Each structure stands twice: as C-alpha cells, then as structure tokens.
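The two complexes that follow have chain A in common; it is paired with chain B in the first and with chain C in the second.
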Partner chain A sequence: MTDTSMHPEVPIEVDELRKDALQEIFNISMGQAADSLACLVKDRVYLSVPQMHWVEKSDVQDLKAAMKRVPKGIIICQPFSGYLKGEILVCYEQGADFTVIGESLAYTKEQVQKWQHELLLDITNILGGACLRGVADQLNIRLEFGAPNLIDRHSEVTTILLNSSSIWDKALVMEIGFSVQSMSMTSDILICMPEQYINKLFKCIDHLLE
Partner chain B sequence: MNRVYKEILNQLNLGVIVFDEHCQLLYVNHFIRDNHKQTVGLGQSLFTQFPELPEAWFRKRVESVIMFHNTSFTQWQYRPHLLNLMETRPITGTHELMYQNASLIYLGHYDARELICLVIQDATQTALTQMKLAKTLNKLNQEHKQLHTLNQQLKEAQSQLVQNEKMAAVGQLAAGVAHEINNPMSFIKSNIECLQHYTQRLVEMGHYLESLLQKQEDQQIIVSLMRQKEALDIEQIEEELPELINETLDGAKRIQDITGSLRDFSRLDSSEWQLADIHEGLESTLKIVNHEIKYTVNEIVKDFGKLPKIYCLPSQLNQVFLNLLVNASHAIDKDGKIIIETRFLEDSNQITIRITDNGAGIPKTILSKIFDPFFTTKEIGTGTGLGLSISYGIIQAHQGSIEVNSTIDQGTSFLITLPINPPISTSLSDQSL
Partner chain C sequence: MKITVCDDSLMSRKSVIRALPETWSGAITQCKHGLEALEACRAGLADILFLDLTMPIMDGLEVLTRLKSEQIKVSVIVISADFQPKVQQQVMQLGALAFINKPLTQEKLEGTLKQVGLL
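Moving on, here comes the complex of A and B:
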C-alpha cells in the first residue's frame, strides 16, 4: 500500500506499525469527511484512500512516478498550523463542472462562471477542513487553517511542489482523489507536511498506540 | 477581566461580529460600529442590520463552518465590500467603501447556541495598490504589444525597401545591357537590310549574265556555266537567300523589340512621377514575360478599355504587372488563358486593371496571407514570396488598392484600382530608382 512509494533513503524511523496507524487514521478521517461533505453539497462524494509518499525534493521524478496521476490545472494551497504544520494543495483540472456543487453553496449558475475562483477557494477550504478535522480529532491535537490562495492557473502540482527555491527538503505527501458525482471529474488533494513535523505526528501516534 | 477583553476587542484594528447559527446578532466591536453607515442594534438578524450581505450564500458558509468546525475566508478580490463599511480615511481616501478580507470563524457551542465570529480586516491599502499595479501592468503590456507590432511593421518595410532597391538595381542593369545590345543590333539590322538589297542586285546581275551567255554561239561555254551553276547549287541559293535574309532580319527586329521593351520596362527616366499610359506598360511587360509564360499560356486576352494617362511611377507599376503575370503563369499547368481587362471609372476618376487566370486558384486558408512578405507555397529556391508584398507596397504608394478573388480549380483574379491623380506620396518617390 505504501511501501512501494516509500523513499528508501528517508532517514525518519518509520516502522510499519506507525505507518499503518497513520494510514488508518487518515482512512477513518476520509470516511467522515466524505459523509459530511455529501451532507453539505447534497451529492455523492468520493474521497479515495490516501496514498502516502515520502518525498525528497531532490527526487522530483520519484514523486511523479509514485503518484497515481500528476494533475495539472488551477492550484490552490491552504496552510494549516497548530500542533502540526503543513499545506494542503488542491488541483482542479480544466473541464470540471462546478455548477451543481456551486449551487449547493448558494452560487447561481452565472456566479459559478463569474466567481469560479472564489468558489474553488471555498471548496478547497471546506475540503481541507473536512479532511484534516478528523485527523486532528483522533490525534486530539489543535489545527487551524489559514486562508486558501490561488497560486497557479495551469501547472502540474509537482512543478509547484518541487520548486527549487522552496524551503523544504523532505516531506510527507498524502495523495487523495476527490470527486463529486456532478463534477464529472476527479480533483486531487495533496496534504503535505515537512519532515520536522512528522516526528511530532509520530509522537501522537505512539501515544495512541500505547 | 471581561472588561479587559472587551477593551482589547474594541481597540483592535479589526471588525469583530459575533452571531449564532440563526445569524442573530450578539456582539459587534467598535470598529464595526464606527465604520458602518447605520447604527447597529444587537439581537436582530444579521441581514436586517447588514442588508448588503448576500443571505443565501452567507448562510451556506455559516452552515459549513458549523459543520466542519473550521474557518471560512473571503478576499477583497472577490468580495471587495462584504459589509458596507466606510473607508477609514475620510480626507485622503479616494474610495467610499472599505476593501475587506474576512474570516468566518467557528467559536463553539455555548448555552445551546453555536457561536460564529466574523472578523473583518481592512485591505483598502493593499487593494488600491494592487489595482494600481495591475492597471500599470496592463498598460505596459499593451504598450509592449504595440511596440512589437511596430517593430514587425518596420521589419516588413525594411525588407520591402531592400527588395525594391534590388529590383531597381536589376532594372538599371537590364536597361544598361539592353542599351549595349541595342547599339550593335541597330547596325547589324541596317547592314542586313543593306545585304538584302545587295544580294538581290547580285542575283539580278547573275541572271543578266546568264541570259547574255545564252545568246552567244559557243555551246561549250554554256555547258560549263550550267555545270558550274549546278555544282555550286546556285538555284537553291537563289531560292533560299531572300528567305534567309528575311528571317535574320526578323530575328534582329525581335531582339531590338525585346531590348527596347526592356529599356521601357525599367526606363532610366521613369524613377519620377509622371503621366504614363498604362497600356504601354502592360504591352512592354507582356513582351518581357512572354518567353516565361508562353509554354503554359496559350491565350492572352487583352480587353483594354479607353484609359487616360495616369500620374504614376511607370516602372514600378510594370513591376506589379510582371509579378501578377508570372504568378498567373505559375498557377497554370496547361491550356492557360490570361485575361487583362482595363477600365476607366469616370465617376471616381480611377482606373482598374484586372488580371485573371484560369489556374489552380488559392485555398481560402492562405488567401489572407499571400500579400505577406516571404509567404510562398513554391518550392525553396523557386519563389521568395516577395512578389505580392512588393506589389502591394507599390500599389499603396500609388494610393490605390489591390484585391484578390479566387476559386479553387477555376482561377484567380487580381483587381488593381488606381487613382488617376494620386495625392503624391513621398514613400516611393524618394527612392532612387
């Protein structure tokens, strides 16, 4: 499930137990998120089982190869902080239809067209909250979100992630596919956490495992 | 302690509004009170106090914030004035309403109520600066584009100038060569004419001698004369001689014609604007291109109207006719027919020249490009793609127009319209042709 995408040289001590626990926590969290999202948008919502990737920035190709697919399109990022710190990146590919999801958030058809970016920012915000809320609850930690921002209109997420002047070196990237029946397209959510917070994350997990 | 918190909230440079899940107003801080146009009363609906808030959309956001226990954001780019708060600078400010970033925060569950807090941040400065920047950037971009097109035009003009100069040089060379050939040719021609008369007389002299000899007694002499005549094949010579000389003379005349029209075509004296007869130009151009087009074109129809002389640069116009005729012949495989029509439009004081071929035609997709410099469909080395662009430039300099009409497999027709008396343009007359 995750071993294939594991980077062999990642120095972090990740034993199977912790990894499995983390995966399990995320799985549960996605399930809850999908339920509450469905309730909000009144449509069927799919969230895929998160894929864990341990990434080193110097190995762009590894992440690209390991990812289920490398989406390209409008990219929105949202920072989160608290006990853990990281960013959520959501990529909306061209051609997705946001009319129905927009209507469920009280956007008229015209507004969906005219204010698509705001709508996407809002969807991102809701998605980020939904996905990480469960994780925070299970780990019993505090998490807060910053305002989402549109950072690119037509790039591959990996290009953004692996921008050589960014400050991270190693990170955990959770890849989640998101789709709503009416959207007729899958969007991609990447939850990214730099190395130093992974240790904190595992401390929490150890707590749970005790 | 509560008072301290309240004081802090009131001193904040942020707007703070607290309400419950039904959007009933519970608290606003001073920032909101001071900057809102109306006085704010607590206990009422948020939407009666702030009618500018889009209700359905806002309620949905509140719902999602309660559901996910998270914070929702709006940005000034999309919702510049979520609330009708006034700009904080009534004197130096330029906008009435404050630009705002807002966060909708879930506070928690208290006393059987869900509490939500709306925090408003003044983003007017940022917004104004950004909008100004965007405007400037836009303007810069536009100017950049303009510069780019200007540059392009300059390049085109330059290439045309170069080509014009080249044509001028070739023209001068041709005229020079024509002149050089013409001189020896005229004495060759007059010598041949002389020869024609002389040989005629010599033949007559021969006949006379022969008839004299026939009359004398000595058969021996007559026999040897006949033998000699036969040996030298004199009879044949007499028969062919006039024909030979005629043909030679004809050839010489044709050479003179060609050199003459070459000179006409690039007349050394035609670099200046002058009154010229378009038909003369067409005729001399036809003579020049004849050798190039005669293999594919069987028929050239000259449908000439009655034209006044027009004020023009004749050698340049000839250049245009040449380009069009050569293009037409290139478009023709066999059994070609070229029609040249000229008309005088008295009403508008213009003349038209239409050159029509029955060649391959021009596909619609490239029709708009054929006047572009370097546009060619011909093989490398065959066409430079400059013919039509130069022609276009020349016609423009004459204040005229050139239009094309084409049907695939039927043929192509170019229509030139020229004013009889163009307001003199400087662009071409300045050139040293």
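Moving on, here comes the complex of A and C:
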C-alpha cells in the first residue's frame, strides 16, 4: 500500500497493521452509527471507506487533504474524553432536506424550518455517540462525549481549524464521508486523536492484535 | 472445501479465518477487494466466500451482482460493518446465504453456519 498521506516527520510510526486495525475499528463503529441514523432518516446512509491521515494544523495542505469531500459548510464539533481525548468534527454541506428526520425527532414543520442547526447538532450527537460507543466497546476502554456545538455556518474547515483554540496541533485523523440521498445530505466526519494520546491508543490496538 | 475470505482489512480477514470451524479443512484464499474475490470465484477457488461489503476497487454488492450474472455457484456469507436493513435486504436479494454484522465472533459465525446448513 502506498501512503502519501502520512506525514514523513511524524515521530510515531503507524505501521500497516495498526493502521489497518484502526481503520477497521472505525469502519465497524461508523457502521453502527450509520444504522442508528438510517432508522431516523428512513433511508440508506452511505459511508466511505475510512481514511487515516496525520494532520498538522500548521500545514494547510494536510487539512485540505483530510477534508476533501466537503471543504466548506456547517461545522460542528463534539469533544470526547476518558481513556482518550479528542474531538469529532463534522462538516455538513448546505441545503439538506430535514423533513423526514425532523418528523422522527418530533420536530414540527415550523421547527424543522427554523431549527436546522439544532437538527444538525442532533444528527452529530447520534452519529458521534454511536461511533464513540463502538470504538470504546471494541477497544474495551471508557469514552465520554460532550455536547456537540456549532462552530461555524459558512466557513472552510481549514480556516476553522487554523483559528480554533482546539486541543491539538498535530493529530491522527480518521476521515469518513457519509451521505443520505433522500436528504441531499453530504458530510465529512473527522475524528481527531491528538498526538499525545496515540501511544495509549496503540496500546489497546496492540492488545487486540496479539 | 475451498474457502475464500475477502475483506480489505487484514485484521478482519484474520478474524474470519480464526473463527472458522476447527473441523473444516481446505485451501483458504485471501482477497483484499471485490475484484480479487470475483477472480478467485471464477478460478474455482471458492466453495464458500466470506465477503465484506465496503471495499475499494470493487465492493461486495458488485461482487454478488457479478456472481449472479455470470451464474457462478458459490455459497456467499456477507460479513459487514454496514448492516442497515436496506443493505441486508439487497444482499439477500442478490443471492447471499446469510448476513453477519461485524465485529465477528466465533459464536456468531458458528450460529450462522448451522442456520444455513453448512455446519
């Protein structure tokens, strides 16, 4: 496997086995997350094959490479903590149709129109929560997740990341695209695991690979 | 019995191979994506195919479609992280014998194999 996405100067080496295991763990977790969302939107949720990148905030090219599906849109961040600390960033393309999921979540028609950002926070919480639970179960660790919050409505993700006061400078980022055709929704999920927690993460992975 | 295991993840292929019944013997072919699996089936390397769905190059649904249109007789068991009802329905319509949600366990595999009469 050729790998141009890994940062050559990153001190911690992600060998192929660990990379493979991590991608599969997130693949399984996102499958569970997609199933939760599919029940609410009453349609199939399409997921991409997870891609892993080292991203350094000081390198805009890293960020652009990680966020290629939806470079600009509504950005929501959900932090997580526990055995690992990090954050989930979701970038939603503008213009999705929330009618069905709004009904599922007991929003009235007027509320669906007015509270689209709240609906996106709900969607993020459903996806993020299910994904993190999946990861925690498989790695046999404890993870807690905070409330998702809206960071920006019309920004490029790169701008947000460069300016934000978030918790990391360099992180291992898992990127997964997802879409729901009947909602015209396309999104990019980035699960950011800061460099300082990667050794702990690998300890769990190595245990799993034994 | 010839077994082919197709998954883009090495960890997942290993977990399938580890979970296979001890009483089974025979050649195991490993494939990293759907096209490799299709070629293995065409070459007669699979009586049973354990097939993932989300893969690069060719996904599992495409493999099932091709096996059907080329009338290649293989017992296919899909093992996938994507287990939404619509996906399972599509997989069964395309002729798979069974569907197993990841993560795979020995118990899950054994139960399924018994259910479809392969064990």
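Just so we're on the same page, the second predicted complex is superposed on the first by the 197 of 210 C-alpha atoms of A that agree within 3 Å, B and C clash if a C-alpha of one lies under 4 Å from a C-alpha of the other, contacts with A are read in each partner's own complex, and residues count from 1 in each chain.
Operating definition for what follows: a contact is a pair of C-beta atoms (placed from the backbone, for glycine too) under 8 Å apart; a residue touches a chain by one contact, two chains touch by 3 or more.
Just so we're clear, the structure is a prediction, and the values are computed from it rather than from any experiment.
In the superposition on chain A, A:Gly86 makes contact with neither chain B nor chain C. Legend: residue contacts after superposition of the two complexes on their common chain; A:Arg44 is shown touching chain C, with no touch to chain B.
Using the contact criterion defined above for the overlaid structures, shared-chain residue A:Phe145 touches chain B, although it does not reach chain C. By the touch criterion stated above, A:Gly102 is placed in contact with neither chain B nor chain C.
In the superposed pair of complexes, A:Gly31 makes contact with chain C only, with no contact to chain B. In the superposition on chain A, A:Asp20 contacts chain C only, with no contact to chain B.
In the superposition on chain A, A:Ala130 makes contact with chain B only, not with chain C.
In the superposition on chain A, A:Leu209 makes contact with chain C only, while chain B stays out of contact range.
Chain B meets chain A in the complex at residues 54, 56-57, 59-61, 63-64, 67-75, 77-79, 101, 103. On the chain A side of its complex with chain B, the touching residues are 36, 39-40, 104-107, 115, 117-118, 121-122, 125-126, 128-130, 133, 144-145, 147-148.
Of all the residues in chain C, the ones that touch chain A in their complex are 8-12, 54-56, 80-87, 101-103. Taken together, the chain A residues at the contact with chain C in this complex read 16-17, 20-21, 23-24, 27-32, 34-35, 38, 43-45, 47, 49, 138, 208-209.
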